[in-house]
Amino acid sequence: MGQITLTDIKKSFGAIDVLHDVNLHIDDGELVVFVGPSGCGKSTLLRVIAGLEKVTGGSIDIDGRRVNDVTAAERGLAMVFQSYALYPHMTVRQNLAFGLENSKMPKAEITERVGEAARMLEIDAYLDRRPGQLSGGQRQRVAIGRAIVRRPVAFLLDEPLSNLDAELRVSTRAELAALHARLSSTMIYVTHDQVEAMTLADRIVVMRAGRIEQVGTPLDLYNTPANRFVAGFIGAPHMNFLQGEVAERTGDSAIVTVAGGVRVHLHPVEGSMEKGQKLTVGVRPQHLVISADPTSPKVKLRLVEALGSETVIHGEINGERLMAVLPGQQRYRAGDEVPLDLEAAPLHLFDENGMRIFSTPGTQRRLSA
Amino acid sequence: MTPPAAGSPAPSRSFASILLAPVKLVMGIIDVPLRALQKATGISGMAIFFLAPNMLIFGIFVLLPLAINFVYSMTGGTAFFLADRTFIGLDQYDRLFECSNYLDPMSCQEDAFWTAVGNTGWFVVLQVTLMILVALGTALILNRKLRARSFWRAVFFFPVLLSPVVVGLIWKWILQRQGLLNFALFEMGIEPHNWLTDRTWAFVAAVGVSIWAHMGFYALILLAGLQAIPKDLYEAAEMDGTKASRVFWRITLPLLAPNLLVVVVLALIKAVQVFDEVYVLTGGGPGTSTMFLTQYIYETGFASQLRNPGLAAAASILMGLVLVVLTLLQLGIGRKTEPKGGKK
Amino acid sequence: MGAASRFIFRRRGGKGWHWTDIVTWVWLVGGLLIMFGPAVWLGFSSFKSPAALAEFPPTILPYVTQQVNVEGYEQPLALYEASLPDGSTQVLAEVRRIGIVSQMVDPNAPGEIIRVNIGDRTPVRTMSFATENYTEPFVQFDFVQYLWNSVFVTVTATLITLVVNSMAAFALSKYEFKGRSVAMLIILATLMVPLSVIMVPLYSIISAIGLFNNLWGVILPTVATPTGVFILRQYMLTIPDELIDAARMDKASEWQIYWRIVLPLAAPALAVLAIFSVVWRWNDFLWPLIVLSRRELYTLQVGLSIYAGELNVQWHFILAMTVVTMIPVVLVFIFLQRFITTGIAGTGLK
Amino acid sequence: MQTKSIIAGLALALLTSTAASAGDVRVMWYSDGVEGEVMKDLVDRFMKENPGINVILDNVAYSVIKEQLPVQLEAGNGPDVARVTAIKDLAKHWLDLRPLVKDPAYWDENFGDKADWMRPDGSDQISGFMTQLTLTGGFANKTLFEQAGVEMPGPEATWEEWAAASKQVADSQQVPFAMAIDRSGHRITAPMLSYGVNYIGEDGKPAPLDQGAKDFLTQFVNWTEEGVFAKDVWVSAAGNTYRAAAEDFINGQLAFYYSGSWQVANLTTKIGNNFDWVATGSPCGPAACTGMPGGAALVAVKYTKNPEEVATFMDWMAREEIVREFSERTLFLPAHKGVVEKGGLNFQTDNEQAKAALGTFVEASKATSETALKLPAWRWADTVYAAIVTRVGQTLAGELSLEDTFARIDADIAQKVKDAGL
């Protein structure tokens, strides 16, 4: 129950193609998060799965049954909308029961299911209120409740946390994770927030411009982003990218020059790298450290953000911008010049098309001026 | 309204649900065949279904008459029914347009038509301008901090509820020579005036009375617009020490613009159609100074024993052309102001 | 007045009169007089006798000349205040008038006839409400029948208007389909076709399909109002599409979405349309007058027009019946007025 | 719920549209005063005497008779019997009662002289009868004349004499106007006839305005400009809309008011005891001292499904005693020869002025000119009336010069004749 397979899904609105040949298989009980910048087609893909939009091409299978021509109501899915889409003129109870009444369920069973969902979500105190009388968090629970009572094959959640304030978002996120664990049903979750994706997902689907860029577990994506886009999208603050060129390649070592002359010594290296090849070096801000060696390349600080537990510095090195997260509290100020180095830092190298050449935590690395 | 405790249903609900039970039942029954229909036609088929009853009625009682009118305008004679009428081509239009000088209605064969056109033009310009000013003033005042605002709102809206015939009658009794106004003036020692038989004053009266009758509606639209302007804009202006007049010109008016446009267009359309209340008030007189297009069409086509439905139809087609221009204007504005519809 | 105005107007800043306060005050009080005054006067006038209605100078309240029964005279006599040649004034009853001389008697001492020039006497008048203006039509005129017809036309037309227009507005605001913009264009274009322009062909259609002298002939042509579709559609555009998606996910059919989701949510706009529809249909005059020529089918507005003859109009009855017909509209307005502003505010007219 | 009511409504609609059961006689009737009530009494009595016939009296606004009845008739609809004023125009729609009534000779005898007014030219059809005859004529405010010390012109006085005397009264008594005449082509035709006007051309179609017409209209316009005639009533509408000046007379604002016999009841109630007034008959012109006859007829409609019942009803209504009663109660002048000749109508009013006025009108009817009697039976009368009223109204409002007025009147009439396709 709850396997969803997308094969060569195409969708266009008029002349505009919104989805290009999307292929994806979602396993039963999996929590898959679609993530990507706004306009990437993730919501459309969700609506296509829901049956709210007809596909232009390809096929959707739920539990092995092709559902292209099955209406939204009959696909057995439930959806939680970004705006919650609670019926404002119905009480919470009626909101929860509406879908069940439509499928002609006996009254007693409706009452039971509504009660059960309400207890589970701790909204039983508000059952006779209308959505307008509830707080944002309560509405959100009702929206989830409305999906739960349906006991759907799979849950579709369209940015369900985006209307909550930051604190509530964190706690609700945790509850959602707990809920998933408890219901163990398939969930497809759409968000533009990579933190949500990372914390919730069994697997993340990163999308851009109607295409799937990469599918994988959160750590897969973090550690081995398939391309520059995924690398930049996953992880906060986002990865530093430095334009470079292969200066030397000998055996399993290489030297890449970046940012106007800073040399990066790599060992071992994989993949095809030839001398003179242009590439991009990606390094996460967390992986930059202050060098004890005063000859290390110096970064000129433009801004220092002291967060207490860590310090984020924004700097420039030969005109290229760079960001680093330093542990603890630092006494730097804007204008200071700080020597930086890579220490035990995984590096990600991308070719001119942005595709990954390799990324490995085991590479030896050192910066030199 | 405090929400009732969990579990106990709201008391009003049970009453309403009893009331709605038969509706629910009927709607439920209707739903059965409609679900089947939906299955057969899909969701977009249902759109046609929802549109159909309106379009059907609309087609029979609005579009078809418009089309017939077109045919009428090409026929002659006094007969009423199309079958008894003779085809005469564009003669009726020729007759309407037979003029030696278009600026002087009296030089035209159908001088009444051109007089009516001229009167309608002036009326539209004057009435719309003045009415919007008055409505705007009323809206601004009603938007102030007033006690009993809903009472005042009702005061200004009240005439909208009256039938045009009643409006015309009331004002006729006030304005006629032996009317209330002259009596009041007389009591105050001011020379009474024969308002409705003076060409200028009768026109002014027609404009004034129609403003009286319709202003409240437009004032409410404008008031709704004023109330939608965020208060913090005014607070910001106050912090900047902006002068009240400047606040009006630079904040209120620009933010009210969409409402103003709607009001202008609706008022224009209504003004072109002016008929009933003025007809009762002045009968189109003195002379022909308050005779408007609609009255001309009505009297030529229907109300006189020597009617000429073909001529009236031709005049109405010409009027329709003018209205189409206004429609396009409305559409242009509508496109600009209406919220985005349909799918994302 | 002072206390009342202080209650009504809160002045700007609370101290001193700003010029805008004066403008506001003048505007409101002037508005009250101009907007309400005529209708109040109409109400009082409806209680005037035919003679008092024709009278100039007009009075605000209905007055009649007071009459007394004087001993020795069969008919009651009219009372006048007469100035006598000796310069005194006395209240006398007029026995008869011959030319410019009025023969009068003192009601308390009816023996002696006093001759007074008619220019020297003014009638003694009392306020009197000619309630027969109301009661007589109620008797002669099938008031109950007309009322029923009016109510039937108004209620049926309003219900059909609401259902049919809201269905169309739903289709035009929430669906994408071929011909949608054409339908919208047609509806907007006819927003401004006045009845008098299509009256002749409409009349022939009505008589061709046998709706002449039939209340449905009054109802049907008015129910597909473009204005209604327009108002409702503008409002429905503000209902989030997600709600409809949610309902579709909840296994609601399109019909259910229409009547269980969209209709309740469009309630403010429906209320506005309902108010206008009730007012329009109730006040409809020209069209019912054309379609209905049988007594048992008359609506109130047509019914009261029978007092307009070829040569004379019986204004006293027309006025009284006009006041009666205004009452329901005013009641509807009083009870629903709060919807009017909120509804207009929300109909996307902004 | 709506669907149910729609179905119920449709069922009801079907029922009502086919409800014209056998034996029904529908009468479309308009009222200027109490005649609706009188008619209701008579109809009730008729039904009591004729249990098989159900007469339904539809009281309508006059505008329905004027504007919608013609259209209904054209469509072959309409009531079974109607009280109408455009009796000649619509003559082709009337039912010939000759073969249906009990005694056609009675009809010819008593209503024959007006039968031409309501039948197609050249036929001997009996279409119905005049419920009332009207005659235009003047009313004078006797009290004003007395107060001014001006002697009222006698029975043979001319329009000029009346104008001069009234002007004198108005000036002395400070009333706004001396005279007024209703805004109506029919009304103004009376003085025009006295000035020797003939509208009817040799071919039976309208002739261009003759010198008499131009003379009177010129005079009328001048008088109005001088303030002798009240301008208000003539400029207070466009087109050929009818306007009465009765209110001014009732309020003592006029010395002389030219209207007609139907005003008697109205003036009686509204003037009451405020002043004395008299009917004067029609003032004289160079050619005659005529008023304009007119009136309303009760006619049977050709499209009736129950001609027998209609004839029975018409026969009953035309009975001498019924006509007499109707006239006495409504204060209308009867058009029944027998009733008129026998005289002694006991008009039901205790107002002596009203009785005297009615007497004056009966007397004045004898002075009605030949041309005047021809006009009601002339198909183009309304066309001419409409053109005159429309254009003279504009002239008085200052929109047209007299010369243009005459040209426009002729052109308007010619256009209408052309429109009619004859």
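Residue numbering begins at 1 within each chain, and the chains themselves are lettered A, B, C and D in the order written.
Keep in mind that, in the parts below, a residue touches a chain if its C-beta (ideal position, glycine included) is under 8 Å from a C-beta of that chain, and two chains touch if they have at least 3 such contacts.
Since the model is a prediction, treat every value here as computed from it, not as a measurement.
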- Joint neighbours of chain D and chain C, given as chain labels: B
- Item | Result of counting contacting C-beta pairs for A-C and B-C, higher pair | B-C
- Note on the structure: Taking mean C-alpha coords per chain and comparing to the overall C-alpha mean, nearest is chain B
- Message: How many angstrom lie between the centres of chain B and chain C, each centre taken as the mean Cα position?
- Response: 18
- Item | Interchain centroid distance [CA atoms averaged], chain A/chain B, Å | 54
- Item | Averaged-CA centre spacing for the pair chain C and chain A, given as whole angstrom | 64
- Message: Report the inter-centroid distance (CA atoms only) between chain B and chain D in whole Å.
- Response: 38
- Note the residues in chain B that touch 2 or more other chains, in rising order. 30, 80-81, 178, 302, 343
- For chain D, residue numbers touching 2 or more other chains are 63, 66-67, 71, 75, 247, 251, 253
- Residue numbers in chain A touching 2 or more other chains? none
- Message: Please output the residues of chain A touching chain C within their complex, sorted ascending.
- Response: 47, 50-52, 71-74, 77-79, 81-83, 85-89, 98-99, 102-103, 146, 150
- Which residues, counting only chain C, touch chain A once they are in their complex? 240, 242-243, 245-253, 256, 260-261, 264-265, 267
- Task: Show which residues of chain B lie in contact with chain C when the two form their complex.
- Result: 27, 30-31, 34-35, 38, 43-44, 46-51, 53-55, 57-58, 60-66, 68-69, 72, 80-82, 137-138, 141, 144-148, 150, 152-166, 169-171, 173-174, 178-180, 183, 186, 212, 216, 220-221, 223-225, 227-228, 244, 258-259, 262, 269, 272-273, 275-276, 294, 297-298, 301-302, 309, 312-313, 316, 319-320, 323-324, 326-327, 330-331, 334, 338-344
- Item | Touching residues on chain B, where the partner in the complex is chain D | 22-23, 26, 30, 76-81, 84, 86, 106, 109, 111-112, 177-178, 194, 196-197, 199, 282-291, 295, 299, 302-306, 308
- Taking the complex as given, what residues does chain D use to touch chain C? 2, 5-6, 9-10, 13, 16-17, 26, 28, 30-33, 36-37, 40, 56-69, 71-72, 75, 77, 79, 85, 142-143, 146-147, 242, 244, 246-247, 250-251, 253, 260, 262-263, 266, 269-274, 276, 296
